[in-house]
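Letters A, B and C mark the chains in the order given here, with residues in each chain numbered from 1 onward.
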Amino acid sequence: MFKPRSEAARGYALSSPATAYVGFLVAAPLVILITYSFWTQTYVTLDKTPTLGNYRAALSDPLVHHLMLRSIWIAGAVTLATVVLAYPIAYFIAMKARRKTIWLLLITIPFWSSYLLRVFAWKLILGFNGVMNSALLGLGLIDEPLDFLLYNEFAVVLTLAHAWAPFAILPIYVSLQKIDPSLLEAATDLGNSPLQRFLRVTLPLTVPGIIAASLIIFVPTVGDYVTPALVGGSDGKMIANLIQVQFGAANNWPLGATLSLLAMMSVGFVAIVFVIAGRGLGGRIR
Amino acid sequence: MKRPSLLVIYAFAYLIFLYLPVMFLPLFSFNSGTIVAFPIKGWTLDWYRKLGEQDTLIQALWNSLGVGAVTALLATAMGLFAARAFVRYRFRGQAAAEGLVMLPLVIPGIIVASSMLVLFLFLGLQPSLVTVTLGHTFLALPFAVSILKSAFDDFDASLEEASYDLGCGVFETFRRVTLPVVAPGIVASILVTFTVSFDEFVLAFFLSGNQPTLPVYIWSQIRFPAKLPNVLALGSILLFASAMLLVLAKYFQRRSTTRDV
Amino acid sequence: MTEKNIIELKGVEKRYGSFLAASGIDLDLRQGEFFSLLGPSGCGKTTVLRMIAGFQEPTQGAILIDGQDMAGVPANNRPTNMVFQSYAIFPHLNVANNVAYGLRGRVPKAEIDARVTEALEMVELGGLHQRGANELSGGQRQRVALARALIMRPKVLLLDEPLSALDKKLREQMQFEMRNLQQSLGITFVMVTHDQYEAMTMSDRIGVMFDGRLEQVDTPATLYARPCNRAVASFIGEMNILPATVLEETGGMLSIEAAGFGRMRIERNVNATDRARDIIVGIRPEQLEIKADKPADYPATLKGKISNVAFYGENIHYHVAVENIDKPIAVSVPNYFHTVDFNRGDAVWLGLQVASVIDLGKERKSSQREKT
């Protein structure tokens, strides 16, 4: 059905404040970052001669390689852990729980406390004198405190899997909730066992929810700064920590800009591959 | 009586996982020792009593409340218009516009923060609460738009037509029909965008200059933990208050849908 | 009913890009009549209704309500009110506040209260003032929508498929209630519907629309007896269509050669304005007689074989396959004696009175809707 032109005009007028605002704050910094990435800086003097030096330096630096790969690796592990841990909960709330509102409320309340303090709390739990070690010692399961709990990649993954929980549960819950119960009855009627039914009907229908949850978790996690800094130790540092150093202590903005752009491109690339792979996989279940 | 299924057991284990770290914050706010670590020395309410004396902490709290309030209003206002446009009208480039508005959700925080710092300095805006608010509005907008979009989705277009048909103009219809019907969505949007801003750290860390918001202040205390027990006391109060707020909001939402007066 | 025109549509057209939703609509509605716009979905009937209401502006032509040109007059300033297909009951208001919506701020409070009570009693919802919008059944929502529109005392009440959301029993009950309400109030009702029975039982006159065009405006009885073409004939009731050739035309009568039945003289249909030598004629299924032996007292007879039997309760439908006619001929027989006389495969004779053959004029080929 065709619509009169004035309607489109109204659409543009109403949506323009939001789109212009976001568009400007995405485009303008991007232009400036790109410009900066071709400049060089030594201490306080900014050399505006265009050069590819930053890119060359960044791409040949083994530390950058290492941190970039680790960031993507950790973000992938966090995404997987969060989604796998969250799926059964979303399933429980959507399909089995009698008091859905109460459960959804219970899931969200912890996240109304400060993010920083929650990360800090994990430090208390996993630390050398922390809760976990005290409990295990008290139970006589270990003789001396475990020191591999904190300041490593495991701690980062665990902390972030906790921090992102509602962002995984809610999209999956929504996609489960949308499933027409008669589809499940049809699958049973056609001879599926509960497990077959789950794998052939329920899971494929929740692929969009899983993809949404994964993107919402993966992308920001690659650039996460707080968690690696607090519980990551030297083994858990990620690319964001390096970028922050360039804009802070090292005062090398051009290199920081270059690293930001490279990080953004890697994230974008991995995310696109993931979405395509996810759709392909969803379509192949029969 | 049926044996509880594996799924139920898992659900309760997961709840423990979610609540475990959060429970330690109030616990340590009652600890009389100044170092936040085990073992607990003894019990005290001192940290709560002394909260009022912590000038920088209180200042940071006010900063966060102000930034959060302005952010919530800006993001919800822009989101309200955009959501209405996206749901009610069809126009060329609509999908692109909707995608663009969602973009802040999927750009890593550190990149948003560093690039905005560069931009604001380029524009001659020194880091301050104003720049933090501008940045937070950017981050909060996708939340506002998606909440308000689902509010407009549930809103039958013929309701507005019925109001015109019964003699009301554009503004009267907006006030008497549109606003009341999407009001729960607006309240939800304000609450969520406020929380996004109130809890945001990385952007504020880059953009706040010498006007720290609460998370920026907490960050400085986590690394140099002299005032940390005070922070935990404040954090516990805020957690309790927001949980109460949430429960209340749910309660009113339920009452409004089943009211039979 | 007086002869004063309350609504006049003059050459009204609505165009979306190259798509003509409605074109060449000329229509006069009389004060106090119950008028229905009938047609299949997508025929443009709702567009016409919404142009009268003021939600859409015609791209050409004029709409006059009570003699006043409505061009540029927005919906909120027109003397019409509408019952929406979804009823559009405001979910945040109770029944009384929904009904009072249009009067608030324009009429003193005491008068609003009195009129709300009166309106609710009129639609048989007396005492439900405080009921919440979400606690109403489908039929109650329909009544609230009706009361909310009628309380405005409109010159014309517009109804967009007002009964389509109700189940069959309730729909039939509401048909009579709405008709009675309309007659006691004397307000002009304009209803859009795709249900021919609804239109026939409720309306004084019906306008039949196809592909954006108003094909015929007439009383239900005339529409049934003298449809203007094949589309209208088939949309209102069932119709057997046969090709025929005009041999001679004399003073309002046609001598034709009809497929199967042979030569006969039938009345020329003044409504069928598309003329040619090759025409089509229609025969209603209940006008045909079905017998085991060749009937003697019918001027036109035909031999065939039963291809299908459908039992409807109050009557029985037979489909009779006839040589040299593509489609089986449908025959409807009243179920007087609770017996099905024929079975599939039986050889039968059809008998026909010439007066029941309807001239439908030249067969129109394709729709002319897409124009640039």
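Here is the rule we use: a residue touches a chain if its C-beta (ideal position, glycine included) is under 8 Å from a C-beta of that chain, and two chains touch if they have at least 3 such contacts.
These numbers were taken from a predicted model, which means no experiment stands behind them.
Visitor: On a CA-centroid basis, which chain has its centre farthest from chain C's?
Guide: The chain lying farthest from chain C is A.
Visitor: Relative to the centroid of every protein C-alpha atom displayed, which chain's own C-alpha centroid is closest?
Guide: Of the chains present, the most centrally placed is B.
Visitor: Could you quickly compare B-C and A-B and let me know which has more C-beta contacts?
Guide: If we tally the contacting C-beta pairs, A-B comes out ahead.
Visitor: How many angstrom lie between the centres of chain A and chain C, each centre taken as the mean Cα position?
Guide: So the centre of chain A lies 59 Å away from the centre of chain C.
Visitor: Distance from the CA centroid of chain B to that of chain C, rounded to the nearest Å?
Guide: 55
Visitor: Can you work out the whole-Å distance between the CA centroids of chain A and chain B?
Guide: Computed from C-alpha means, the inter-chain centre distance equals 18 Å.
Visitor: Provide the list of chain A residues touching at least two other chains, using ranges where the numbers run on.
Guide: As it turns out, chain A has residues touching two or more other chains at 3.
Visitor: Okay, in this complex, where on chain C does chain B touch?
Guide: Counting only chain C, the residues touching chain B are 53-55, 74-77, 80-82, 84-86, 88, 90-92, 94, 101-102, 106, 130, 132, 134-135, 148-149, 152.
Visitor: Please output the residues of chain B touching chain C within their complex, sorted ascending.
Guide: Residues in contact with chain C: 156, 158-159, 161-169, 176-177, 180-181, 183, 257-261.
Visitor: Touching residues of chain A toward chain B in the complex: what are they?
Guide: These residues of chain A touch chain B: 3, 7-15, 17-19, 21-23, 25-26, 28-30, 32-33, 36, 85, 88-89, 91-93, 96-97, 101, 103, 105-110, 112-118, 120-122, 124-125, 127, 129-131, 134, 162, 165, 215-216, 219-220, 222-226, 230, 240, 243-244, 247, 253, 256-257, 260, 263-264, 267, 271.
Visitor: Of all residues in chain B, which touch chain A in the complex?
Guide: My answer: residues 5, 7-8, 10-11, 14-15, 17-22, 24-25, 28, 36-39, 78-79, 81-82, 84-86, 88-92, 94, 97, 100-101, 103-112, 114-119, 122, 134-135, 137-138, 141, 145, 195, 199, 201-202, 206, 214-215, 218-219, 222, 231-232, 235, 238-239, 242-243, 246-247, 250, 254.
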